[in-house]
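Shared between the two complexes below is chain A, which pairs with chain B and chain C, respectively.
Here is the complex of A and B:
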C-alpha cells in the first residue's frame, strides 16, 4: 500500500478553517454543511427549535432533509442530502451503546426519507470536532474525499482518484493516510461505501473504528435503504474524520457523576448476567439463530417456513467456534455489551479477493438468517463469505438476503429461468450462485446488476418483461414501501405484522419487535393491547435514534429488578436509566412520559414527511400475504395442524372435508381482516385518521404543529 | 509481584488505611477517594482491595490498563477514556470511581495503608 502515491494524486478543491467549538450539555450548537457539487463548506447554528422539537440524531437528519428537498425530489437529484449525526447523549463513554451515528437520506428503494443507525466512531468524533451533524449535498464531478480534522479545525474536499472503492481496503488506506502515527489511528473514522453501491439500490455505508488490539480497522454498517448508493451517486468516496483526545467528559454534561453511576450500574449487570442471558459478549446477536428456529420464527426459503432441520449447521455454536478475538469488542468506547464480533484470517474462496485472508465483521443474526437460512444456505463459510463481500462492496445484507430469497423462489417456480439469470442456477441453497450474483452486482454486470434494484423493482420487471404472475409476485415478494423485510418470520404474529407494516421507513424490526410478547408470552392478547404496544415500542425505540444510542443495552440485558416490575417488557429500570442519562447530559428534567413525547414529535414528523413525498398513507402500510399467512399449498400443508386448528377455533370454519385451497382462502380472508382491524386500532392509538394521517389536534397536543407540517397534513384530511 | 494481602478477621474497622490511601494519592482525608475500602458488615469486616488479577486489563477498550514490570496493574490516565467498564467488571469490586475524576482509580500496592494498620490486617507480600 503506497500511501504517499495515493495522496500525491489528490487535488485540493476547497479548504475551510473553523474555530474549534465547545460542547455544552451534549450539544455543539453547530452543524456542518458541505456541498460537493460546488464545494461549499459552511457552518450552521443549531436553533432552539431544533433541540426542543427534534432533539438530535435522526431528528436533526429528518429536519434538514425536509428543508433540503421538495415533494418532487428523487434520490439521485443533487439536492438530496445525506445527513449524519449523533445526538445529545452520543459520545458519552460510560453507558453501553452510546456511540451511534444516525444517517438520513431519500432512499433509492423507497423514495422517502430513510434512517439507518450505525456504530463506529464517526458520530462521536464529529461532535467532538465541533458539529452536531453533517449535511452532504450536491454531486461531485469526480470522486472526492472529505477530511475533517477536529484538532486543527480544518476541513478539506479533495479529489481522490486512486484509492480503492471497496471499504475493507479503502478504510485501511485512509486510516493510514490521515493518522499521524500508529497511536493516532484510533482517532480516525472513515465513512465509505463500496463498488456494488455504484450499481445497486441497496448500497450501504460503512463506518470504521480502529481496533487497537487487532491493529486493523473494523466496519460497522448503516445498512438499510440504499444510503450508500446515494453516497456514490454524489461521487463521494469517503468522509474521514480525525479527533485526538477522547475523554469521558467531552459532552460537558450537566451531571457527569449521574452518568458515571448509571453506566457502572449497567456494566455490573452485564458482568453478572450476560453469560446466562443473551451471551452478547460471547457470540453477539447471532445468539438467537437456533432460538428463532425453535419457535418457528427463523425465515427459511423466502419466509415460507420458520424452521429447518439444517439450522444446526449455522447455529450460534458453530459461529462461536469461528469467531476469533482477544476480547469482546464494542463499536464505541464503554460498550461492555460488546456485540461486535469478527472472524480473523478468513480465507476467501471466490471473487476479486479470492485466496486473501480477511477480517469478517460478523456474523450478525440478520446475516446468518438473511444470507443463510432464508436462501436455504446452511453453510457457515458461505454465510461469512457473503457477509464479507456484502460489507466491503457496500451491500445491505438484509435487503440482499431477502431479495435473493425472492429471486430463488421465482427461479424454483419457473417465473425466471437460466436464460434470464445469465446461467445462474438460483435454487435455494446454491451459495455459489448467490456469491456470483453478488460479484456481478459489484461489477455492474448481468443478472446481479438487475437484482440490485431490489424486490419492488424486480417484481415489476419479472411481471412486465417476463410475464410472471403479478399477484403471486406481490404475495411472495417480501418488501413493503420498497424496502425488503428484515429477518424475522411475522406470519404467526399479528403484532409483528403491525411491527413491520405500520412503520415509517419500511419493514425493519428497529421500531417494534413484538413476536415474543405476542406469541410466546401472550402479553398482548387484544387489538387494544397490540395497538398500545405498537404505539409505545416504536416511540420508545425512536428515542434511541434521537440521542445517538443503541437499542441493545435496553433489553438484551435484563436487570434483577425486572421480575418484580409491573411492565417487564418495557424493562422499567433501564427506561429510567435513559431518563437519567438524558437529564444528566442536558440538564433538563424529563420523565419517562416526556421521553415518549419527544419521540412522538419526530415519529409523526417522519410520517408526514412520507405523506409529503407522496406516500405514508394506509395503502402504503399494506404488507404482502407471505408476511401474514401461507401463500402456497406447500406452506399450508407444512403446518396443517396449526392452520386447521385456527380455522376451527378462531375463524369458525370447519376444515373437515374441505380442500386445501378452500382452507387457505378462508384463512387468508380471516388474517387479512385481522390486519385491517389491527391497523384501525393502531391508527386510533397514534392519533391518526383511518387513512393514516396524523390529525391536527394530535399534532397540537404533542407539540409538532409547525406551520410547514400542518400545511402538508391539511391537504390530506 | 507485590500484592496487598488481607486478613479481615484482624480488621478492627479503624479506617486508618482509607485515610492513609486518600491522603497519599489525593491529598485529602476522604474514604470515598481511597483505593482500599473497609465495609462493616454483620458477619464481620470486609476489606476490599485489588488483588492485581488483571481482569480489568482485558476489558479496557483502549488498552489503557497494563501490568508493569513489577506485576502491578496500572491505569494510564492520559489514555483512559473514562468508560468505567473496569469498575463494573472488577471481580473484587476494587476499581473505584469518584465524581471529581473522569478516570477510575485502584490500589497499586504502595503499602502506605499497611504501614498505618494497627493490627496487620493488611500487609504487602511478594508473590
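Here is the complex of A and C:
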C-alpha cells in the first residue's frame, strides 16, 4: 500500500489545537464537538448535572443526542449526531472488561435513539487524549477523515478521497498512515464503516485495536441499529485517534489501591475457574452454541425451532479447531477474560477479496447462530466468510442473520420468488445465496440492496408490492421497534419475551437474558417475580454502558462464594466489585442500591426520549407471535407433546380430538394474554402508566425530573 | 416423584445427581445443585443418590451475552 500517495491526496479542511487535559477521578470534564458540515471543532465543559444524572458513556451520548435533535429529526438529517464515549471507569487496566466505547445516534432502523457498545481502544484513548465524549454532527460534502492526536493536542478534518472504504483495509491504511513508527501502531485506534453501510440501514461501526503479536489490526463492532449507516451518510470515512503512553493510573482514581485489589481478585477467579466454566479464554462466546441447541434455544430456520441435528457441524469444538490457539486476546489492556478470538490465514472463496487470506475476528456466538443455524447454514467456513464480509462491509451480523432467515422463510413459502430475488435461491441452508446477497448489499445492487433495509421495511414491501399476507409477515418477521431480534429462542420463556420486548432500543439481549432463570430454573414463577427481574437486570446491565464496561466479567465467570448466595443470578460478589470500582475511581460512596438508581435515571430518560420521538408506548412494546409461540403447523407438530401438555396443564383446554389449528389458536390466545399481563406487571414495577409512560412521581423519586423531561411526559399522561 | 426446580419430576430407585443431569440433558457447566437445601459439591454428583420426595434445585447460571 502506498501510504504517501493516499496521504498526499488529503486536503486539510480545519486544524484545531487544544491544551492537553488531565483526568480527575475518571473524568476529563470536557467533551469534543465536531461538525463535519461546516468543519467546526470545539470543546464543551462537562457539567455537574451531566455527571450526577447521566454518569458517562451512554448517558452522555443520550443527553447530547436529546439536545441535538428535535421530535421531527430523521436519522439522515444533518443535526443527527453520533456520540462516542467511554465512562468514568473506562480505561482502567486493573479490572477486566474496562475498555468499552458506547455509541449513540438516531437509528435508520428504528427512528429512535440507538445505543451500541464496542471494544477496541478508541474510547479509552479518547479520554486519555482529553475528552469524555465525542459528538459528530453535520454532513460533509466529500469523504473526510478526522484525526485526533492526543499527545500533540491537535485535531484535523481532512478530505480523504483515495483510501479504501472497507474496514479491514482502511484500518490498516490509517494505522500505517498516522502511527509514527511500528512501535506506535498500538497507540492508534480507527473508527470506520464499510461499503455496505453506504446502502443498507443495518450498517455498523468497526473500532480497531492493533494486535502486536499478529502485527495486524483487529476489528470490534458497534453492531446494532445502523449507526455505521449514519456515519457514512455524514460522509465520514474514519475517525482516527492516537495516544501514546497508556498506563494503569491515567484515570487519576481516588483510591487506586481499591481498584487494584478488586482487579486481582477477579483475575484469580478467571485463572482458577474459566477453563471449567465458560472457556472464554479458549473459544470466547462461541462456547454456548451447542449449549443453546441442547436446551432448545438455538434459533434455527427463522426461529421456528430451537435445535437442529446438524448443530454439531458448527459447535464450539469445530471453531476451537479453527481459532488460532494460545493467544488469548483482550480488546483492552488488562482483560484476562480475553474473549476476542481470531481465525488467521482464512482463505476467502467469494467476493471482491476472493483468494486472499485474511484474519476473521470471531466467530462469536451471535454470528454462528445468526449467520449459521438461523439460516439453516451449518458450514463453518461459510459462517466465517459471512462473518468476515459482514465486518469489513460494516453490516451487523445479528440484523443480517435475522433478516436473511426471514427472507428465506418468505422464499420457501412462495411469498417471494426468483424473479423478485434476481435469481437468488434463498432456501434455508443456501450459504452461496446468502453470500451473494451480502456482496450485492455492499455494491448497492439488486435484491441485496433491498434486503439491507431490514425486516420491518421488507415486510411492508413484500405485502404492498408483491401481495404477501401482511398478517403472516408480521407473525414471522422477527423485528420489534424496527430492530431485528438477537439470536436466542424466547418462545418458552415469558420473561425473556419481556426481556426482548419491554426494552428501549429493541430486541437485543443486553438488557435482560432471563431464559434459564425462568424456563429452566423456575426461579421467577409469578408475574411479579418476572417483573422484578425485568426491573433489576435491565437497570443493572444499563450501568455497564454508563461506565465504559463490558458485561462479560460480571457473570461469565462465577466466584466460589456464589453457591452460598441467596440471589445467585445477580452474582452479588461481582456487583460489589462494581460498587468498589466506581467508588475507587470517582471518590463517591454509592452502594448497590444507588448503582441501580443511577441506571434507572438514564433508562427512564431513554424511554422518554423514545416517547418524544413518537414511539416508546405500549403499542411499540408488542412482539411478533413467532417470539411467543408456534406460528405454523410445522412448528406445533415438532413440539406437539410439549404444547399439548401446556394446553392441558396451563390453559385448561383438552387437546384430545382437536385439530392442530384449534390447538394452535387456543395456545396463541393464552400466550398473547400472558404477555399482556406481564407487560402490566413490568410497567407497574418500573413506575410507568399502563401505556408505558414514566409517571412524574416516579421521575421525582429517582431524580430524573429535569424540566425538559417533565415537559415531554406531561403531554402523555 | 421428586421436586425439580419446584416442578414435579419422575424418580427412579438409585437415581444420582449425575443421572438426573443426564436424563434432563442439563449439560451446562455452571450449575448450583442443592438437595433439600443442602449444597452438592461437583465432585459428588456421581455418588450422591436422590431419594423419593427430595426437593432438588439445579440452578443454571447463564444470563446471556
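FYI, the second predicted complex is superposed on the first by the 715 of 717 C-alpha atoms of A that agree within 3 Å, B and C clash if a C-alpha of one lies under 4 Å from a C-alpha of the other, contacts with A are read in each partner's own complex, and residues count from 1 in each chain.
Here is the rule we use: contacts are C-beta pairs under 8 Å (C-beta built on N, C-alpha and C of every residue); 3 or more make two chains touch, one makes a residue touch a chain.
Being a predicted model, the structure only gives us computed values, none of them experimental.
Student: Once chain A of both complexes is superposed, is A:632 in touch with chain B (first), chain C (second), both, or neither?
Tutor: neither
Student: Considering only touches as defined above, state whether A:334 meets chain B (first), chain C (second), both or neither.
Tutor: So A:334 only meets chain B here.
Student: Considering only the touch criterion stated at the top, classify A:561 as touching first (chain B), second (chain C), both, or neither.
Tutor: Neither partner.
Student: Who does A:365 touch here: chain B (first), chain C (second), both, or neither?
Tutor: second
Student: Is A:78 touching anything from chain B or chain C once the two structures are fitted on A? First, second, both or neither.
Tutor: Touch partners of A:78: none, neither chain B nor chain C.
Student: Is A:260 touching anything from chain B or chain C once the two structures are fitted on A? First, second, both or neither.
Tutor: first
Student: For A:488, decide between first (touching chain B), second (touching chain C), both and neither.
Tutor: The second partner, chain C, only.
Student: Common interface residues of chain A with chain B and chain C?
Tutor: No residue of chain A touches both chain B and chain C.
Student: Which residues, counting only chain B, touch chain A once they are in their complex?
Tutor: So the residues of chain B touching chain A come out as 58-59, 61-63, 80-85, 87-89, 97, 99, 102-103.
Student: State the interface residues of chain A toward chain C in the complex, per the touch definition above.
Tutor: Answer in residue numbers: 276-278, 285, 288, 290-291, 294-295, 364-366, 488, 509-510, 513-517, 520-523, 525, 537, 551-552, 555, 558, 562-564, 568-569, 571.
Student: Enumerate the contact residues on chain C facing chain A in the complex.
Tutor: Chain C residues touching chain A: 5-7, 25-30, 32, 39, 57-65.
Student: In the complex, go through chain A and note every residue touching chain B.
Tutor: The contact residues of chain A facing chain B are 93-94, 186, 212-213, 246-249, 256-257, 260-261, 263-271, 326-328, 330, 333-336.
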